[in-house]
Amino acid sequence: MENVNFLYDLLGKNVISVLLIVSLPLMFVLVYALIAILAELKVSAWIQERLGPMRTGPWGILQPIAEVVKLIQKEDITPDRSSKLLYNLAPFIIFTGAYAAFAVIPFSEYFVPAGINLGLFYIFAVGSISAIGIVMGGWASNNKYSLMGAMRSVAQLISYEIPAAMAVLSIVVLASTMNMQEINKIQSGWFWNWFIFGGPGTLAKLWVIPFTLGLGLIYFISSLAETNRVPFDIPEGESELVAGFHTEYSGMKFAMFFFAEYANMFVVAAVLTTIFLGGWNSPFGDFMQGPFWGVFWFVSKAFTVVLVQIWIRWTLPRFRVDQLMYIGWKVLLPLSFICFMAVSLYVMLK
Amino acid sequence: MGLLDRLDDPYEGGGIILGKVEDLLNWGRSKSDWYLHFGLACCAIEFMAMNASHFDFMRFGTIPRTSPRQADFIMVTGTVTFKMADRIKILYEQMAEPKYVISVGSCSNCGGPYWEHGYHVLKGVDRIIPVDVYIPGCPPRPEAFEEGMMLLQKKISHQAIFNKRKRLESEV
Amino acid sequence: MIQYIKNIWAGLSSTFIGMRITWKHLFVKKVTIQYPDERFKLPEKARNRLYLEMSRCNGCNSCAIACPVNCITVETIRVSPDDPHQEVHYNGKDRKLWVSRYDIDFAKCCYCGLCTAVCPSEAIQHTTEYEYSVYNRESLLYKFQTLTPEQVKEKERLLAEFRAIEKVCHPEGDAKPAEKKVVDKKTE
Amino acid sequence: MLPNEIYDTLKTEFGDAVIEYNDQQPTDSFILIGADNLFDICHTLRDKDAFLFDYLMCLTAMDLGENVGVVYHLYSMTHKHRLVLKVTAPKTDPKIPSVEMIWRTADWHEREAFDLIGVNFEGHRNLIRILCPYDWEGHALRKDYVAPEYYHNMKVSY
Amino acid sequence: MSDIKRLDLEYSQLESDRMRINVGPQHPSTHGVLRLEVEVDGEIVTEVVPHLGYLHRCFEKHCEKMTYLQVIPYIDRLDYISAMNNEWPYVMALEKLMDIKVTDKVEYIRVIMAELNRIANHQIAVATFGLDAGAFTPFLFFFRDREYIIWILEKMSGARLLYNYFRVGGLAADVYPGFKEDCLNIVKQVRKTNAEVMDLLIYNKIFIQRSANVGILTPEVAINFACSGPVLRGSGVKFDLRKDEPYSIYDRFDFDIPVGTGEVGVVGDCWNRNMVRVNEMEQSCRIIEQAIAQMPDEGDVKALVPKRIKPPKGEVYMRAENPKGELGFYIVSNGTDKPERIKARGASFVNLSVIPEISKGYMFADLILILGSIDIVLGEVDR
């Protein structure tokens, strides 16, 4: 693919531009995480007829900044009987896993840090890194709650990887590419060209729309589980496991977990946006279409998905661990197979 | 309390830049207070009521944490018994610096109604951990909790990291 | 199999019902009272901090007796007849007792309202004041007496003088026994 | 059934073990029984069709000076009648048979009575302190109880 | 402390990796300071040992030192969520001991206060149960409504939580103008929120999955453990002191006793126990409406008893249907103005003792729900 990166064109391919391109997503992650934290606080408050943070800046919009300023100053405790190396390494690994996924996320037609051809495959590969970090952190903390949280979390991540992968695979079959930029390009045009509505095609695609909608739902549910959000937040379920695998973490290391969680939320939302919701494409054909509008559309779509995740969090109770496995293996997996076969059939007939 | 306890530091100074940085850091600490809710007795119900929609404690930037490691201050709401006292001490020691304690209600202030004949009641949580703010009441109104919170924020924002600050007038 | 599909449907539909409810609540008017800026109006008989109107207090000690937690300490001195500061009570009678000490320890107080119920002169009252958090617990010990320590000493001296004279006049001791009335419930 | 009828029935069955029937107002009328036969009497009260006292409302131990007494408030869910039983034992050696096997609810009530008054329930499977810490000394609700000065280096008195 | 451990033989002989977890005393969902020593085999709970006493505030010792009037503030602090209900059996016991009849108006006000407080208590119970299951929003909806109830109670008594309102033979204060309208508004609001929460929480599929068929308590076990209140009724036993032993004026009202029906799950599980509470709120609303309609406007509520209450020598056990279950006071009077002995039979204390029995074999997450469904208040457990 031609994969034009306008910054390379602008600055030439040297160290500075590479660093800039690498750090742009980092900047984005930091700013986004702050906004997402604020959104979480505010949305939860409004749903509950409260106001949320009000006294830090106008309407409390500086609240996340205060949190960061505070977390920097907090003492960094390493428990005495923990496994020091693993304990200290875990947050970095988790954050690396979340951040590395940003490498292939196409923010716009012209901006994707690394437009590799196996983009979706890469995301799944990198996404699983966080499982290692979680189990490291949970085990090294030398805390029973942490250990239980870590075990649950890993079991959950592994189980839900499969339906999510099946959902993505169906779209790969539909688009016949794993390059995320390509997938986006296929979906250009009006919103009925999005893969959640069966992708571009004639009216013959009508019968496949329920299946692609189902795939979108399956991916969304699995993504909730992969990011440990309610109703799948059993690894850190407050009422059972105090704070789950990060019970013993404090200060900046805890902040890393925090950031990684929100970054992960964005990654799954971005994947959902890319493969189902048309990525950086405008929903209205050529209206507001363009490289910079692309960033706008992409971010706003992804952020809407994040908001829905937050919305669900403050609506539902959480599952029990066996029910979670049941849903993963006995509901989502068979359904995703059915949808996959339907989509394959559609591709064959096309 | 380590770094932040240098109110009695003999030399003054630090200059404008350090002063401003300090302001920022103190602002961050005072505006973002994660608390370990230590619900013990009656006051805990009022505490829940304060977290509820009508009073909305989160307006002050307070977020509940269930793990002491991540908490900035601990709110002891209720009667502390001897059986419980050791645990409170352990939890307090597990918290990361800088840490603060708010003692809520008569019982944790000094044993409250149980101060005279309560053979099993610790007469004031300040006998085992240092308390920063005392909120009187049995139980205090939710607004009183919030007033205590503002008092704590005031205290935090007057603390010194780099240079000496004036003590709070009411604290002397 | 039918049950299986029904369960999935129930799960999805109840989730959407729940989300619809929370969505509605996202936009309703918020009920929060933003405390330091706006306040909830307390009912008049709200039981918060106690206040003692010293000019009405006649030192009868019934509040200290009624208090279940003994947070009120009252000490009184009898008014000697030749005291220059004779005071007339709110009900027109002469003051019999100088209240030399009236302490309420709000760290102990349980705000039950029993002391206000027994007060004959309505001197002690619950107020609607609830904002008095402090940095030091000692600040919660409120002293209500209006007499300065010098005045207390003066009164004690006057009383002692009066007693001495009385004793001379009535050596049999048919007058009231000379004592400084320290009222403490514990000794009761 | 009224308490006096229950008393008559028990008296014929257990003889001297049922000591006294008291119905002086305003006290709830109660039956005083000897400690030795308590278990059997309670068993009869629970299982006999005429009584069916399947619900132990309350179990109270109290310090009576020289004796300690235990009061059982019984209720029958089927017949809707109630009964008060009383047992006493000397304070120096307060041994009373446990009814934990009859009414499981008595488990914690008896542990509490042991904790606060020091009644020794014989036959209780797990008679340890329940409210005070396990290393607490003395029985707090006895009239002659003096609170310790320090507990784990914490001053007890104000 | 080896004697605390009381493992059944068959368990201790099994060779498997078990983990002992300490839940509490400071844990987000132990509803206070209960400590459960839980032995888990993987995620399955094999043994639960409750340790109490972390809030033992020596209530019974204080009673012996106080006069009868001074005991009332301490009684508020037993079950601090439903303080009005707590005071009632105590004053009733003393009234029975001293043979006092209270006026009709007092009775009606007491009923309304107690039922309002029952609604407030059940709101907390259902809300925290939802919180244990992970649903945060219903918690705040209930607390928003509870605030309106609290405002009424505050206007009546002066305090928000610990009212000290009932007196022997009367009440501390009369109703304020506009009381009836406030109560009727509350009833409306409670019904509205209940309908909403039904959809949001109670009939939510996830919630049903979590709480139905969990922690099944059979009626026989419940009676043998002397459970009471919604815990007993959730098991299908139709027993309510307001109907079975009508005290005060409850025989004048028309209301039902909700029991666990097994509509979802089986009778006696957590969902049914919780549902009984939701239904009881509706019944309380009905009682309040009837009481408001029947309440006489005229009449004195102040007690016509001497300031120093000196009941005659005697003993009395009085019980009343509290939101949590049967609260009984056993008062031994020795003829002076201070009681010889007061024993409080707390409903939570008795209901909690059933925990080790019904939580074996369920998952660790279920244990939290079972604990939540029993609705304990540690002030009443530890006294």
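All chains are identified by letter, namely A, B, C, D and E, in their written order; residue positions are counted from 1 within each chain.
In the analysis below, contacts are C-beta pairs under 8 Å (C-beta built on N, C-alpha and C of every residue); 3 or more make two chains touch, one makes a residue touch a chain.
These figures come from a predicted structure and were not determined experimentally.
Q: Show which chains lie in contact with subunit A and also with subunit D.
A: Both-contact set = B, E.
Q: Report which of B-E and C-E is connected by more C-beta pairs in contact.
A: B-E
Q: Going by C-alpha centres, which chain would you call the most central?
A: Smallest centre-to-centre distance to the global C-alpha mean: chain E.
Q: In angstrom, rounded to a whole number, how far apart do the mean CA points of subunit B and subunit D lie?
A: 45
Q: In whole angstrom, what separates the CA-based centres of subunit B and subunit C?
A: 25
Q: Could you work out how far the Cα centre of subunit C sits from that of subunit D, in whole Å?
A: Whole-Å distance between the two chain centres: 41.
Q: Where in subunit C do residues touch at least two different other chains?
A: 15, 18, 21-22, 25, 30-32, 34, 68, 110-111
Q: Mark out which residues of subunit B touch at least two other chains, giving numbers and ranges.
A: 52-54, 56, 59, 66, 83, 110-111, 113, 115-116, 119-120, 138, 141
Q: Would you mind listing the residues of subunit E that make contact with two or more other chains?
A: Correct list: 27-28, 53, 56, 58, 61, 73-74, 137, 140-141, 144, 162, 200-201, 204, 206.
Q: Can you give me every chain pair that touches, using the contact definition above?
A: Every touching chain pair, ordered by label, is A-B, A-C, A-E, B-C, B-D, B-E, C-E, D-E.
Q: Report the residues of subunit E in contact with subunit C in the complex, numbered from low to high.
A: Touch list, subunit E to subunit C: 66, 69-74, 137, 141, 144, 154-155, 158-159, 162, 164, 172-173, 176, 196, 199-201, 203-206, 307.
Q: Show me the residue ranges of subunit E that touch subunit A in the complex, using the header's touch definition.
A: Going through subunit E, the ones touching subunit A are 19, 21, 27-29, 43, 130-137, 140-141, 144, 200-201, 204, 206-207, 209-210, 363-366, 368.
Q: Once bound in the complex, which stretches of subunit E touch subunit B?
A: Subunit E reaches subunit B through residues 25-28, 32-33, 53-58, 61-62, 65, 73-74, 77, 80-81, 124, 139-140, 143-144, 146-147, 150, 160-162, 378-379.
Q: Can you name the residues of subunit C that touch subunit A in the complex?
A: Interface residues on the subunit C side: 8, 15, 18-19, 21-23, 25-32, 34.
Q: What residues on subunit A touch subunit E, complex-wise?
A: Touch list, subunit A to subunit E: 44, 47-50, 144-145, 148, 230-231, 233-234, 237-240, 242, 314-323.
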